[in-house]
Amino acid sequence: MLPVLDEEKVRNRIAKRIALEFDDGDVVNLGIGIPTLVSDYIPTGIEVVFQTENGVVGAGPKPEVDDWRFIGAGGRCLTLLPGSALVSSEVSFGLIRGGHIDYTVLGALQVDEKANLASWWIPGKLIPGMGGSMDLVTGVKNVIIATSHVNKKGEAKIVKDCSFPLTGVGVVSMIVTEYAVMRFIESKLVLSELAPGVTVEDLRGSTTAEFEIAKEIIIMKGCEDE
Amino acid sequence: MLPVLDEEKVRNRIAKRIALEFDDGDVVNLGIGIPTLVSDYIPTGIEVVFQTENGVVGAGPKPEVDDWRFIGAGGRCLTLLPGSALVSSEVSFGLIRGGHIDYTVLGALQVDEKANLASWWIPGKLIPGMGGSMDLVTGVKNVIIATSHVNKKGEAKIVKDCSFPLTGVGVVSMIVTEYAVMRFIESKLVLSELAPGVTVEDLRGSTTAEFEIAKEIIIMKGCEDE
Amino acid sequence: MAKKRIKPVLTAKDAVKCISSGATIMVGGFNYGGIPYSLIKALVESEVNDLTLISNDTAYEDVGQGSLVKNGQVKKVIASHIGLNRATQNLYNEHKIDLELIPQGTFVEKIRAGGFGLGGFLTPTGIGTEAQNGKQLIDVGGREYILELPMVADVSLIRAYKADQNGNLIYFGTNRNFNPTMATAGKIVIAEVDDIVVSGEINPNDVVTPGILIDYLVLKEDTYYASRT
Amino acid sequence: MAKKRIKPVLTAKDAVKCISSGATIMVGGFNYGGIPYSLIKALVESEVNDLTLISNDTAYEDVGQGSLVKNGQVKKVIASHIGLNRATQNLYNEHKIDLELIPQGTFVEKIRAGGFGLGGFLTPTGIGTEAQNGKQLIDVGGREYILELPMVADVSLIRAYKADQNGNLIYFGTNRNFNPTMATAGKIVIAEVDDIVVSGEINPNDVVTPGILIDYLVLKEDTYYASRT
């Protein structure tokens, strides 16, 4: 049985783990939802450059007083750090598509074992549009998926084949859930980290994608000081 | 017999005539050679916006003291008028190709009766490259050719078929020489103005392109106060 | 009709008179930011309808171009995201409007291609997804791309920070977004601005949109969203 | 290798050490303007040869990248215009260098496509001329276009006015030209500048080239052409 965690813990554990992936100077785009929290957990000594697809390169935290002339992709106000730049959407997506962004962290409806991502629409529900997500997964060097391991009905989100409309084909580099870290290595999904109290068997029960086990599985980074 | 004119007079007559084509506010790109002189003859009361393909929108005359950080397409220093803008080559050629420039004035090696232009290379001579000329003739709304009526060997430059490599196909709107003004109207070349002392017969003798005669031929504008 | 060298400054109401029912309009803005609020308000108060609206998102139900949709003046929306505007989503669901969804990077690139005279471009974005439906795929060097075609409008409504009398524009903060690109792709381009200064006051090195693209200037009239523009 | 957040400031000599013989380099500049003179000088003084040079024009025989050609370090030139540099013309005529001539608007757009991740674009420029030779033509809506492919380089050498420590760049006058576009399309990008200021001194609204594109900064060392840069 997988441990039961409250939603707050799920979200923060995922965000915290992802924040450990970056090197100083990496350019990082954060999607809405859990990905937004990642910026709260960047380790001391590491400074990453946050990019927002609506035109900020070098975004800082939320300001004390809102100024709506500076917003992020999710529509929340942000600050600019010294050394930031403002660009048009045309240039912003040029940077994204052109491979000039190191990481994008996005949520998911489903990720499948072929590294396909479905994240923008559940058919039958109102259609929201793909926004910038398809460009991000196509152009950004590393696509990290931040997601709860199963959906609210308890169904697997890491699946054999995405059934929802795709955001991109073969685009995912890494999946971080509250229970595990998995990476696509040479087109294969590989489990490399497990959260405390989670076994490979537990995980297989909630994962319909086939996955391999890394030679050495470690305890999910960032959990040690929870 | 066509009147013999000195080169100075040829150049200035052509430039002066072309300068009468513009309305206030027109955006005009001038090539090198005779076209450069056009800016000297813009009538009082008309202000045109001079664009250079290397990134100036709103160029003014040559400065008293050269500042090489402000040059035109021909490499000469220029000034900026109030209300000018500096753009990259990428944007400049976007403006050109996108139809945002009203006129380009260019020299020619040959223009033919199908409005084709050859202007960038005489095979057998060293190759200079087409520079921005192909983009200009393709994208700018009106292409005015400023050229002596015949070449230095006395051969026709307004010909049946261009024999030199083309700059563009069917792109020329108007030809101004020291002897005549001709326009392409519904894909036909039409003579509309003649310089003093020039007859239609004289012109046919130095023009191998077929051309029609406008209902009313007037004396070439700008010649009256020579 | 050629654009004027010194740009006419109009009220929002007069400026939008060049938009007829059935027209295709582009409207700048991303979420709350950089929307030409006054121009949209004037359009909402007009009799114009059957519009095709090209806008990245349709803002919110009662905000900016969102209210144009909610008000039933739009027959077709071309956007990358409509998830913030329930009215757009519902009207589409009820088959009362047409909808074309385009990935955001492709959306802005199509506008640039339209404004800059390209016949189209090849993008890797959307390969293997619904975004490629009905589009030509072209193989270059063993990789497949979608051929995307240019997009233009009858009228572009854009939002900038300052204009000079010649219509040169600069932008502020994240209000820039789609505005400079849309300024290249409308047969008529109307810029709503905070301020109009005399020519020479904007440093030519800082100009983002050259004035030759602009037809009319409108000083912002809407105070409700003042803090958001 | 990821680019640094705070950009290393190198001498021209050290900066060009990342260029190996046989490399493809892009060099900014139009005529005299906006050429990274110091970087070129360092390259001329190096042992590097067999370069493929992507540059709008090859300046003059003894000016900027022109001297690189004259010096025999270039095996292929990709440009729109070489008419000002007799050395380039003669070497081509004598079959000592390869030459690819591209219309100027297409030239810069190919670089943008390379830098911005497009697979190509369709242009009307050059249809019916030698510029279409060997290229695929594509019909869109009854009009024919040339399919042009992206262009990138191992190293881009660009010239800007000011940089901040994060590598954000602004340009001055007509020295901008091809530099901002080339900054997107080199695996390594070296910017030669007049001045390096602390981060925060360049207004984010004014930045033309975001620093994330830049690898190294070099303060201009060449005084001969000081007035021209």
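Note that the chains are named A, B, C and D in the order they appear, and that numbering of residues resets to 1 at the start of each chain.
Following the convention adopted for this analysis, a contact is a pair of C-beta atoms (placed from the backbone, for glycine too) under 8 Å apart; a residue touches a chain by one contact, two chains touch by 3 or more.
All of these numbers come straight from a predicted model, not from anything done at the bench.
When every chain is reduced to the mean of its CA atoms, the largest separation from subunit D belongs to A. Counted by C-beta pairs in contact, the busier of A-C and B-C is A-C.
For the pair subunit A and subunit C, the distance between C-alpha centroids works out to 30 Å. Between the Cα centres of subunit A and subunit D there is a gap of 36 Å.
Centre-to-centre spacing of subunit A and subunit B amounts to 57 Å, using the average Cα coordinate of each chain. Touching of two or more other chains is recorded for residues 86-87, 93-94, 96-97, 138-139 of subunit B.
Counting partners per residue, subunit C has 109, 112, 117-118, 123-124, 171-173, 205 as the residues that reach two or more other chains. Applying the touch criterion to all chain pairs gives A-C, A-D, B-C, B-D, C-D. Subunit B makes touch with subunit D in their complex at residues 52-56, 66-72, 75, 86-90, 93-94, 96-97, 116, 126-135, 138-139, 165-170. If you check the complex, the residues on subunit D that touch subunit B are 30-33, 56-57, 79-84, 86, 89-90, 92-93, 99, 101, 103-106, 108-109, 111-112, 123-131, 171-181, 208, 227-229.
Against subunit D, in their complex, subunit A makes its touches with residues 23-27, 47, 49, 51, 57-58, 80, 82-87, 91, 93-102, 138-139. Of all residues in subunit D, only 2-5, 112, 115-118, 164-166, 168, 184, 198-200, 204-205, 207, 210-213 touch subunit A in the complex they form.
Taken in their complex, subunit D has these residues touching subunit C: 109, 113, 117-124, 138, 140-141, 143, 145, 147, 149, 170-173, 205-206.
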